[in-house]
Structure formats: structure tokens, C-alpha cells
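I have a structure I would like to understand better, so I am pasting it below and will then ask my questions one at a time.
Here the chain labels run A, B, C, D and E in written order, and each chain numbers its own residues starting at 1.
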Amino acid sequence: MILGRVLGTVVASRKSPRLEGGKFLLVEKIDPATMKGKKEYIVAIDGAGAGIHEIVFYATGSCGRYTDATEGKPSDATITAIVDAIEIDGDYVYNKATDA
Amino acid sequence: MILGRVLGTVVASRKSPRLEGGKFLLVEKIDPATMKGKKEYIVAIDGAGAGIHEIVFYATGSCGRYTDATEGKPSDATITAIVDAIEIDGDYVYNKATDA
Amino acid sequence: MILGRVLGTVVASRKSPRLEGGKFLLVEKIDPATMKGKKEYIVAIDGAGAGIHEIVFYATGSCGRYTDATEGKPSDATITAIVDAIEIDGDYVYNKATDA
Amino acid sequence: MILGRVLGTVVASRKSPRLEGGKFLLVEKIDPATMKGKKEYIVAIDGAGAGIHEIVFYATGSCGRYTDATEGKPSDATITAIVDAIEIDGDYVYNKATDA
Amino acid sequence: MILGRVLGTVVASRKSPRLEGGKFLLVEKIDPATMKGKKEYIVAIDGAGAGIHEIVFYATGSCGRYTDATEGKPSDATITAIVDAIEIDGDYVYNKATDA
């Protein structure tokens, strides 16, 4: 899965009928070593109740369809988790409780 | 899903029989932070009724077959939505109604 | 799907039995804005009767198995169409009838 | 499969219900010629009992679901093996018994 | 499929049970125009009886499971053929009989 930050939303009224009900979020990939954005963006369907500015990870490819929120939907990028913390060698590089 | 702009069409009379009836569009990936083209191109099957110059997003991989327009077709890139607006932090970086 | 030019052939007598009967072509990806090769190469199974020098597009991933030529074959790159023309904003950037 | 080093853990309490019970590890891809990290990171589900600092390889895409640990889980990156040794031309470039 | 050269082997005693019996080879991608390595490496399961130094191609993604050697195994990279020759415009850029 790939780590990213939710930047905003994408609105699309004309779309494949199977996408109806999906919430499209604009996500920027991040580098967990620095927590900075990589200026690489993706549109993901929200499968975890994510909000703007939250750090998330998303599943790509066919795995994007393996969530309750996207079953049967052509989603190749689905947010599957909101990240609470990232720990490297016993140190938090990210801790939502204190950093957010 | 990946954001792109429809540039034109690709004509192919000799093709896999399963592609019959598909409309092939040339799409350039865009950077949503600037809305500029990234000079990376893909041929996508239209699954949303997209027209030239429109901002769209498309689904890749096996998800490309999960639309009414591409069921059973070997499409690894299918346009699944026409974008109305992209909003970052409450501001529109793209608004079809006013920008197009 | 990805645009490319057929450069030549790859011969492989020892191979997975399921690949028997497949024709392996060496394809160079092209940039449709300039029609120049990108020096990125792939081995694709021919699913469209392509010949050397022809401009084609190919399907990747699991879509590579969704053609009559590759059903049941482990092909992650299958040529699914021979390109006649590429049109951008009403102008031909490629027209096989006049360019080839 | 891709070679990497386990750097740490990712904690996520709000997630797709299908991910319950999965252990999320932060993995940095490595270059086996030098065994150095490539500063490219991925979140992988552990399917092999991996620990911090271990050299592993992981399976991507739909293969990520083809392990006992991830069956039915939307995992596009699953650690499927812990590496004991990497041998090039009869020489060990990595040998866990002596290097770790 | 992607062209590569077999460099060596990867030993992994602790692994997903479904990988039991698989032979893991370290493969470096090559550029067929020069036949030089690209310093990009992958661990592939051998599905063609490949040996060290041989030029091969491998299938990626779900296609990696579509060989007799990898059925049911989480292999996202499987060597499916040993290359005898690569021909561009009627000239051999690689001919195993004379080059190897």
C-alpha cells in the first residue's frame, strides 16, 4: 500500500454508473522518511472515512475493489486505512495525536 | 485513478475482435497542482462519453474492464469519469463551469 | 493501452508450455507527440497480426490474457491493435496511409 | 518480487474491516548490488513473520492476496519471504548468518 | 514481458507456505538495444528451467501465476522463457548460439 495525504476532493457528475456513491479524494503521495509530499497525485475512492489533511494509505490495482466501499466498482486506488502513527526503529516519524 | 486531458483519437481498423465498438482516446496525464500536461500519454477506451479537451480520470489495470463500456474487452485504461471540479483546501484548482 | 513501434522478434524455444504458439515481438514505446521511440522496450505477444515497423498499441497486466490469441497464456503485454491514425485537435500526428 | 528491508511499523486503527488482524510494516526497497536502501517505501502486510531490519521480498498486485495471511484482504504488497542469502556468480552479496 | 539476465539466486527458508518448491532467481533487467543491464533487479520464480547468465523474459502481475510452475503461488514475476535470439530489422542483436 502507498502512503499519502488527502488534499481535497474531485467532483464528477458524469461517470460510469458503477462509480455512483463513491467519494473521490485527491491524494498526494508522501515520503515517510520526511513526511513531505512527493508531488505525485492520485484520485482514490474513500474506503475508510478519511478527511482532508489526514495521512492514509491506499491499495492499488485489483485490490482497490476488495473493500466494502468499492466492491464491483472500477477503483484502482482505494483508501483502506487512516494512519495513526509511523514508527521507525522505535521512534515515531509520525504520530497523529501529537503532530496533527 | 489518474487525472488526464483528452487530446484526440486513435483510429485502428485491424484489432482484437473483442475491441470492436470501443472508442480509443489519446489522453495526456496532468498534474492537478498546475493542471498542466505531464507529456505522458495513454490510449484509453471511453467509458464516460468524454470529448476532446475534457478533464477526465481513468481506471487502470483489471479495473479497466469493470465498466459497462469495456466488460470483456482487454482495456487496461478506461475513462470512468469526466471531472467537473477539483478542490484543494476549499479552493477550486479546476472548475469546468468557469475554466473551460 | 500503450503506443509502440514493432522493432523485431524474440525467439525462445525453451519456454512455459502455455506460451506455445505465441509470436513474441519486441516493441519500443513511442511518444505520440513526436512519434519518436522512448528507448523503453517490451516483449509483447501479437494479438493483431502486426508486422515490423508498424505502430501498434498493446494491453498490459491481466488484460493481456483477454484476447483470442492469448487466452490462458501468461501474457502481460499483448498487441491488441494496429494503429491507422492518431489525431490531435483535428490534425493527424500520424497517418499510416501517408506516413508509412 | 521486490527486495526490501523492514524499517518499522504503521499503526492504523480506522481501516477497512477486511484489514483487521493484518500487521502493517514499512519497507524500504533495496538495491541488491549494494544492499543499500533506495529511499522508496511501501506499506506491506506481513505474511512471513518478518521483524525489524530483516531483508525480505514482497509480492505486489493481486499476488498480495495469495497468501494465508492476506486471503480476502485488499493487500497489494505482502511480505512472502525472509531472505537468508543472495548469491551472485557464486559469491554471497548478502548472508544473514554473517551480515546481520 | 520484460527482458532480463539471470544473475544469481535468492535463498529464503522462512516463507509463505505456498512458495514451497519455488526457485527464486535474481534477475537484472536489460536494454535490448545494447544488451546491457539496467541496474534494476527483481526476484522471479523460475518457470522455464533458466540458468545463471541466461537471457530470459518474465511475466509480471497476475500473469506470474499462469504457469505450471507457479499455479497458486503468489508470484508477481515468473520467468516464462529463455531467449535464443533477438532480431531487429533482420539483424541479430543477440544470438545465444554465438554470443553466449
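We take it that a contact is a pair of C-beta atoms (placed from the backbone, for glycine too) under 8 Å apart; a residue touches a chain by one contact, two chains touch by 3 or more.
Everything numeric in this text was worked out from a predicted model, so none of it was measured.
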| item | value |
| --- | --- |
| Those chains which touch subunit E and also touch subunit B | C |
| Co-neighbours of subunit D and subunit C - touch as defined | E |
| Separation of subunit C from subunit B in steps, with touching chains one step apart | 1 |
| Type of subunit A:subunit D copy interface by residue overlap (half), same or different | different |
| Angle of the C-alpha superposing rotation, subunit D to subunit E, to the nearest 5 degrees | 70 |
| Geometric centre distance via CA averages, subunit E-subunit C, whole Å | 21 |
| Inter-centroid spacing, subunit C versus subunit A (mean Cα positions, whole Å) | 33 |
| Shared-contact residues (touching 2 or more other chains) in subunit A | 61-62, 64 |
| Cyclic chain order when read starting with subunit A and heading to subunit B | A, B, C, E, D |
| Subunit C residues touching subunit B - in the complex, by the definition given at the top | 1-3, 31-33, 47-49, 57, 59-64, 66-69, 78, 80-89, 93 |
| Contact set on subunit C toward subunit E in their complex | 7-19, 24, 26, 39, 41-44, 52, 61-62, 64-65, 72-77 |
